[in-house]
Amino acid sequence: MPGDEQSQFGDNVKIITKPLSLENPVIVEGFPGIGLVGNIASQHLIDELDMEYIGSMESKYFPPIAVLFNGIINMPVRIYESKEYNIITVISDIPIHPTISYEVSKVLMDWAQSINVKEIVSIAGIATMSSDEKVFGAATNDDMLNRIKDHVEIFQVGTISGISGSVMTECFMRNVPAISMLGETNSPNPDPRAAASVIKVLNIIYDLPIDTDNLMEQAEQIEIELQKLAEQVKTSEEGEQPRREFPMYG
Amino acid sequence: MPGDEQSQFGDNVKIITKPLSLENPVIVEGFPGIGLVGNIASQHLIDELDMEYIGSMESKYFPPIAVLFNGIINMPVRIYESKEYNIITVISDIPIHPTISYEVSKVLMDWAQSINVKEIVSIAGIATMSSDEKVFGAATNDDMLNRIKDHVEIFQVGTISGISGSVMTECFMRNVPAISMLGETNSPNPDPRAAASVIKVLNIIYDLPIDTDNLMEQAEQIEIELQKLAEQVKTSEEGEQPRREFPMYG
Amino acid sequence: MPGDEQSQFGDNVKIITKPLSLENPVIVEGFPGIGLVGNIASQHLIDELDMEYIGSMESKYFPPIAVLFNGIINMPVRIYESKEYNIITVISDIPIHPTISYEVSKVLMDWAQSINVKEIVSIAGIATMSSDEKVFGAATNDDMLNRIKDHVEIFQVGTISGISGSVMTECFMRNVPAISMLGETNSPNPDPRAAASVIKVLNIIYDLPIDTDNLMEQAEQIEIELQKLAEQVKTSEEGEQPRREFPMYG
Amino acid sequence: MPGDEQSQFGDNVKIITKPLSLENPVIVEGFPGIGLVGNIASQHLIDELDMEYIGSMESKYFPPIAVLFNGIINMPVRIYESKEYNIITVISDIPIHPTISYEVSKVLMDWAQSINVKEIVSIAGIATMSSDEKVFGAATNDDMLNRIKDHVEIFQVGTISGISGSVMTECFMRNVPAISMLGETNSPNPDPRAAASVIKVLNIIYDLPIDTDNLMEQAEQIEIELQKLAEQVKTSEEGEQPRREFPMYG
Amino acid sequence: MPGDEQSQFGDNVKIITKPLSLENPVIVEGFPGIGLVGNIASQHLIDELDMEYIGSMESKYFPPIAVLFNGIINMPVRIYESKEYNIITVISDIPIHPTISYEVSKVLMDWAQSINVKEIVSIAGIATMSSDEKVFGAATNDDMLNRIKDHVEIFQVGTISGISGSVMTECFMRNVPAISMLGETNSPNPDPRAAASVIKVLNIIYDLPIDTDNLMEQAEQIEIELQKLAEQVKTSEEGEQPRREFPMYG
């Protein structure tokens, strides 16, 4: 909370939080990537578990953006905690550029270890051709893999790229137990269905009570809007393209 | 004022001012963005309140530009104060590149806190499809939001990007009260009408007596000139494009 | 192994390993380049000699990627040892950008010398027009050249570029004996045949028992798949290209 | 003079000179910009006042270039003094990139103040649609503006960009009196006429005896050559474009 | 020689050599530029004077490349000495990017002065329209110019750009006598004829016995090959362009 006693980690990438109350929390992270699976799922977790805002990550490398909820300013990368479920969620509304993924994941893990993290859950999307809505899973060690293997499709051979990839390698290097949850998505559009699939697996593994009905409604709403957009594009392409009359400034 | 006793903040971005006389000022900032709403409104404030030049911001990251008023050189990012109204205005004639917004807003806020700022008003434009000339507003906390909520359209959900976005997140992080005033504009051209709308809200909130008539005249003038330009473009497109005969040097 | 007692070299590029047991090892390195000859051959060495994972190289300059084997996370640049054959293999699944080759090879050689390296074998591909499947060889001094000259085609005049080139110049500068093994390849596709040719030479020089049959099977498999792909491309080009209806996100 | 006792200013941008004899000199600077007005006028000043070479500015940010006069090597950015007229001229044959203008003007002004500069004259070109050959003028304070106002067209409102703009803002910030002389030019080609117009104003303000006849001859010569070039271009465009037969190296 | 006692200069650009025996040597440098005149001439000097390898220049800014002679690895920028003729030659097989020319020439000259250099000869190509095979010459002072003026065409007015330009300005600044030898070339292809012309001038000035016959043979060979290539290009353009069937990897 701004103005309160705060702790701060990192240099070019900073994590600033108020004092935390959890002792050995699970940290769930969701950054936007394909299908925005990571941040849709994380935001849903925050909303449904009624998690409390405790701080943010900031960096000179991040794009300059303020996020608004009900007219109040907030940070684009935010941290929340749920005392009831012993979970911390790190959610980002901005994509992390590959050139800073290394530094972001280092600082995130320094901070995670400083608060005695139990384990990490990294949520992201994975593009496939199928529409099975599966969740692919991977882990940093056999114990973690055993915990998820009956609830996900094991991601046997391949690569996880981007910030989710660096968080996982960082966990592997530091021996911090971690699992990767990759929601299958087959379109570049926001995919709340894939996020819902991931949430359902988290419900099982962490014994959470999260309802995913409104994610499914969101998914239907997006599909309807994309359908409309497609029709408009078709229609407008049949007419003439309007000319732009004025020069553009700045 | 150059040559006088000066104080200086920052490293790569510097604020250099003569000693200030205000004790707990409101700081209004306006940087150029869409519709140039921020700097048109700020310049109008400076002119109408007859504010005094007290210093400037400079940086190796800024484009090399000198600004001229009546043949006299000045800086592209300038700072003025009004003792009568207890307001400081920071105005820029140069856009701030996203990669330096973080550093610019850090230095601006370091300086603002060093002079015991009361609150920040960040003026910018916001592109919409409507021509209602509304002002959208946001704030860093509920108190500030309550002060503006009857005079603006609350900006419920969305993002503010660019320097105005970083100034607001910086205020949020430091617990400095701040409001964002976003003048609705529906064209990329300079939009004094949008600036006038913002000024009218400031008149109410800060009990200022600023006339906006000449902004409206400017708006009409710009519209007439753009109309003429559009006609010229049409005409010239009907004729032949002249050939460029000479090679271009440097 | 993560979590164990580890040693670490370098700054922007780091090598992190558990304590090593070998005393004067041969180090084989294979980074991906043309035909992926370097990393196919190195991976085959690791698999067939049943080498043990002992650490990794990491860098903020590397792309953010986690590699998966059977659902378990691993690093993209990995180090393995074979006590039986006194060999260490450094294998990379990511290409090294020319701008960081200098630093990567410096750190690699600092580490190699710190563990008292006997000699270096650098494996890469070389593009030719022929399909002779020869291995070209070069060395940092006459002794090393004499050891390989009956088993390879000496690479008389030319250049070796990329990370393999910097490793070789670095060895030359430090007077660390080194040989370069360049598997001839005539296509940009992964070329297990070229890797097999290199392995056969290593079998002779280092008296190794590595079977290359499954590399040959891989080669055939790749050739069949490329053939299929070529036919599909032809077929699809005869039909109409489908239109993309939706805008792309991120 | 190389080899003599030298003083040196700056770090990334350096000014290296032999000991100077002037005590409170006027410094004239001319860097190449539109119409090359700045360096044509400065070179003419140097030639006509028979100024003595005293040093140079160098920087790792400058393009690598040696300048030749009668077979003798010299620096691309050179400094000359005239004891008779108490003037120092800084002339550049290379354009200064906007990203280093800030640093170049800082070092230039540090050096200028270290030698107790009286005032600065910054010469550049200004593109207009007219062919009046006017000189536009601006100044850092009212005193300087008064000195030039009867001999130039005051540049009322606008911006001066590039190195000339940063030199002027730097003077303004440091309270060093400075005037900007902008020779009107309406073509991108070298414009000795515009340079001559500037020289005529300097003759008045600083009571100099500089003849501008050969600049006018140069202007006529350039105009003739450009006319010829235009005709050749026309002719060659009517024929066929020759094919390039050989691949280009490096 | 690697492994021997070595001295090292510079930081980002390094010169590493074994102890030198010459006391006041002439240093000839040839970097590749237009027509590769600099490095063809330098290599010929090294071969014909049977010069001894004494060290190399390396830098993280150089492209990662190993050079091969008879299967033995060497550095792309090499240094040789001839005790008999008191000459050191610095030859490069890699072009020096303009952004590092400044630093390379600084380090080269620091090293040259540390070994008490007598004078510098910088060899490069110069593009002209003529096929006279002249050598243009320039110098840092009148004494040096007098020594060459009867054997070269004096390069009256103009610029020398690239590494040869920075070496010459660096010599001028440091008062190290230097001459520039620019072999006229009228094609972008390697031009041993231009290199031979330069060698002939060096033979006169430094009383050297270098035969240039095999350079002339090389020139004829290159011309024949380019002629063949031109014919092949013509022929292939008359036929159909083959389609590329497979996607390209990496």
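All chains are identified by letter, namely A, B, C, D and E, in their written order; residue positions are counted from 1 within each chain.
Quick note on the criterion: contacts are C-beta pairs under 8 Å (C-beta built on N, C-alpha and C of every residue); 3 or more make two chains touch, one makes a residue touch a chain.
Remember, it's a predicted structure, so these values are computed and weren't measured experimentally.
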Smallest count of steps, each to a touching chain, taking chain C to chain E: 1
Count of contact steps on the shortest path from chain C to chain D: 2
Chain copies touching (chain B, chain D) - same or different residues, decided at half shared: different
Chain A and chain E, separation of their C-alpha mean positions in angstrom: 55
Where chain D and chain E are represented by their mean Cα positions, the distance between them in whole Å: 34
Residue numbers of chain D (touch at least two other chains): none
Chain order around the ring, beginning at chain A and proceeding next to chain B: A, B, D, E, C
Touching residues (chain side chain B, partner chain A) in the complex: 32-34, 36, 95, 98, 101-103, 105, 137-142, 145, 149, 154-166, 168-169, 171-175, 178, 180, 187-190, 226, 229-230, 233-234
Contact set on chain C toward chain A in their complex: 2-3, 16, 56, 58-60, 62-76, 93, 245-250
